[in-house]
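Look at the two complexes coming up: subunit A is in both, with subunit B in one and subunit C in the other.
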Partner chain A sequence: MGKYLEMIRVRFLMMLAYRTNYYSGILIYSINIGAYYFLWNAIYGGKGEIEGLSVIQMTTYVAVAWMARAFYFNNIDREIAQEIKEGKVAVEFIRPYHYLLMKTMQGLGEGIFRLSFFSIPGMIIVSLIFPIEFSAAFSTWMFFMVAIILSFIVNTQINLLTGVMTFFFFNNDGLIRAKRVVIDLFSGLLLPISFYPGWAQNVMDFLPFQAISYIPSMIFTEGFTGSAVWEAILFQLVWAVILILPIQALWVIAKKRLIVQGG
Partner chain B sequence: MEKVIDVQSLRKDFKSHSSRSGLKGAFRDLFTRNYKVISAVKDISFTVNEGEMVGYIGENGAGKSTSIKMLTGILTPTSGTVRVNGMDPHKEREKFVRSIGVVFGQRSQLWWDIAVQESFRLLKKVYNVPDDVYNEHMNHVIESLDIGPLLDKPVRKLSLGQRMRCELAAALLHNPKLLFLDEPTIGLDVLVKLKIRNFLKEINEKYKTTILLTTHDLTDIEALCDRVVMLDEGQIIYDGELAKLRSNWGEGKQIEFQFGEQVSGEQLQPLLKELEAEWTKGDRDNVWIANVINEEHVISEVIGRVVAANRITDIKIHEISTEEIIRNIYEEGMLNG
Partner chain C sequence: MKHTSIFFLYVAQYMKTRLTYRVDMLMEIMSDLLFQAVNLIFILVVFGHTNMLSGWSKDEIIFIYGFFLVPFAIFGAFFNIWDFNERYIVKGEMDRILTRPVHSLFQIILERMELESLFGVLTGIAVMIYAGSRLDLSLSWYDPIVFLFMVLGGAFVYAGIFILLASISFWSDSRTSIMPMMYNIGNYGRYPVDIYNKVIRFVLTWILPFAFVGVYPSAYFLGREEWYGYAFLTPVMGAVFFGFAIFMWNIGVTKYRGAGN
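Up next is the complex of A and B:
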């Protein structure tokens, strides 16, 4: 276990080595939150609530969704693809660890870095500028914590799946880009799932994407209450377990047919 | 003697598709593809004993890297058996890789953006090296490779020679019994090469580390290895002592004369009468080379006759280099002796 913890630390150091990325990230996220705030204000106009969410809940939803994204988002699919294309994956195979687990830990290191130096200070600043409602209930915070950890797991699993597919396609930039759009759209980052038409909501109940953004944000804004919270977390948990299967299967096949590119 | 590497009729086939020509062909490629099977390694067998330093040589594309990748468990063999350190590299991967060290000259295994010592620290955790063992072993390695001052620099700021020494230290961090070096001295200057060679010799003596070395620089092999395994088109064409290779193939010597005046072939020809020798013209003006067999009386006879008949400004005796021997072997395709 020590090696995996050490990897989180190393990733932390790597994030510190590239500080410019960090500063530009803050800027991009503030612009996004600001833009969505004004957009939603215009949409609400004088209305008290839409689809069960008030204006303030909506603003909180947007802010939390973006701040949670800073935690669960990572580029490990792109990194895996690049390591395969450059043949660096050969070096990973001569190490006594599970490559995909190590990649997950790198993602976690990145997530923890952003959560502590980016999301939390960012959230404080945003709450000073925009009217945001924080829940007073301790249980909401606890559920939210569990939910974002699960959303990290589900998102990372989807990234691993996309990354490992490089073994089969050799160049899957298109797939990675498509995956990113699908996640932003279907995870509830841009638009809460409850705003979609009924049939689309039914379809999305069978897809893992809402586990990434919609569920933690709804828990935080108390859009989910009572048993709905438990059901939502169960939904995340089930997907986290189901997704292990295709990853492991693809990984086993990939290892067998591995061709190290570039000599 | 314990066998460290035991390879029996190892084979690796790659399936590669060939693209059809033209636009029409490209469309057809979308649906069905032509596959060709290429054998990179064709049924090779060899064993390496503990403490040996073996040079693994061959031209580009001879199958060296492919076979090394199978020995390290990166690639799965198509057929044949591989036992390294008593294990199957692919099946028992995590346990197996703890017992080997690998340096790929062309790709870094240190983390690019962080200081060297952070990479070392991570590897120490990865290989579960206890503190006291690490300190004793690594202090020695760091001192011999002279990388102490580099430890707090990020890898991307190191020069190639500095990086290579750090790579070597990283590969030896867990003190493996077996070390694979894939072109470790590529692009390095003479001083760094010497330092690395001395270090490898020392490690080999001290820990009886077995070393398998691939390189295009034959001076590395000459300096380090007693035994060479030579590959050509996926097959082993020579496996044995380097000295024997030299004595079988490097029979002749070349005597290069620089004459003080213009000489012609006809003038020189009579001088070698009744001797096993012949003339070839040198690269520069008035330079002629006598190719002779490696026997004392022939060599002194040739020199004696030429010096007596002509004015000489310079004379050099060359032994045929290993490089030339190997070039000869590849040109003739097969080794017959």
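Up next is the complex of A and C:
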């Protein structure tokens, strides 16, 4: 366990060394949030609420969805693909840790860094510019914390899955890029899932993507209340467990058919 | 024409290198298509909940998006020099460019072109035909010519902004993230400017004129006469911005000191 904690710490410190890059990142996210803020205001027009969300809740949703993205987002799929292509992964196999777990911990170190130096200051800045409503209820904040941790886990698992696919496809830049687009759309980052037509919502209920952005954002904006919150967290938890299976299966198969292309 | 023949030589060379990795190129085009589809899906889903966006209908918004794709594709194919600072200034590649007897910007454009982006022209036209037929838009004989000027105007607006930003590197080679920021600001131009407040509208019209890439020129084809003045300014804005960018670039090149090694 100690070695994994150390990995989180090292990655955190590594990110800290390049922290100035992040100030401009906050500006970029604010620009994005701003674009959606005006767009949603126009969409709402005079309407009080759409699908149970008021316009202020919607603004809050957009802001928190982008800021939470900074926490769960990581590039470990790209890193894994790179290490497989360069053959470095062969060395990783003989080291005394689980490679995928190590990658997850690095992602977590990055996430914690971004949460403290990007999301929190970013959220404060954004809330000064746009009308955003923060919940006063302690329980909402607690549920939100649990939800973004689970969203990190699910997103990371999907990244691991895409990364490990490199063992089979050798070059999967296209897949990684396609995955990113799919996640932006189906995770609820751009649009709350409840805005989709009914049939699409039914399909998405059977996919893990809404665990990434929709659920934490809905909890934060109090779009989910009462038992819906518990159901949503259960949904995340179930997917976090289910996704372990394909990852482990692919990992075992990949280890058997490992071809090192260099290194 | 020396420049034309150099251009085609580069294109031929480019095709050869790209066609060696066909699957990779196909994947790239596919992921571009997917990206464009996501934006369309966004518009479609949003209009499941509203009929009008500040007085613009769903098909009009789709038309604007379709139009936007065309100049954006041309920009992406030739002027997408977002990594200029890192590639040419920090790594000193600019030294090599300057020793050759062709204009430096022209060479860089040739080296950095990504012709597969041009696929977006087809997507854009397809989207416009779809939206246009639902809106019963009629075409006059001169409309294709107007379209050409509007598209070039829009592409040159984009190109001008990015060349100006690239020129900054001649004075300061520190890494900035202005470039990715511009892509995000560019997205504002895809929607009617009347949804934004006055300040943003002013910026999108006169300072970072992204509105001339999407909504203003589209207004002409949509027959929105209240915007005709802005629509016909599109080629002018393109020429002015592009001309100014080249001017600043030429000054910048004289300030280039080389990275040394």
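The rule we apply is simple: the second predicted complex is superposed on the first by the 256 of 263 C-alpha atoms of A that agree within 3 Å, B and C clash if a C-alpha of one lies under 4 Å from a C-alpha of the other, contacts with A are read in each partner's own complex, and residues count from 1 in each chain.
In this section, a residue touches a chain if its C-beta (ideal position, glycine included) is under 8 Å from a C-beta of that chain, and two chains touch if they have at least 3 such contacts.
Since the structure is predicted, the reported quantities are computational estimates derived from the model, not experimental observations.
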Which of subunit B and subunit C A:K88 touches, first, second, both or neither: first
Partner chain in contact with A:L190 - subunit B first, subunit C second, else both or neither: second
Which of subunit B and subunit C A:E6 touches, first, second, both or neither: first
Subunit C versus subunit B, contacts on subunit A by residue: C
Partner chain(s) touched by A:P96 [first = subunit B, second = subunit C, both, neither]: first
Partner chain(s) touched by A:L27 [first = subunit B, second = subunit C, both, neither]: second
First (subunit B), second (subunit C), both or neither touched by A:I50: second
Partner chain in contact with A:Y18 - subunit B first, subunit C second, else both or neither: first
Residues of subunit A at both interfaces, subunit B in one complex, subunit C in the other: none
Footprint of subunit B on subunit A - complex, ascending: 2-3, 5-7, 10, 13-14, 17-18, 86-88, 90-91, 93-98, 255-256, 258-260, 263
Of all residues in subunit A, those that touch subunit C in their complex: 21, 24-25, 27-28, 31-32, 34-35, 38-39, 41-45, 47, 50-51, 171, 173-175, 177-178, 181-182, 184-185, 190-191, 195-197
Touching residues (chain side subunit B, partner subunit A) in the complex: 14, 65, 69, 72-76, 93-95, 97-98, 100, 102, 104, 106-109, 111, 113-114, 118, 121-122, 125-128, 154
Contact set on subunit C toward subunit A in their complex: 23-24, 27-28, 30-31, 34-35, 38, 41-42, 45-46, 48-50, 52-54, 175-178, 180-181, 184-185, 187-188, 191, 195-197, 200
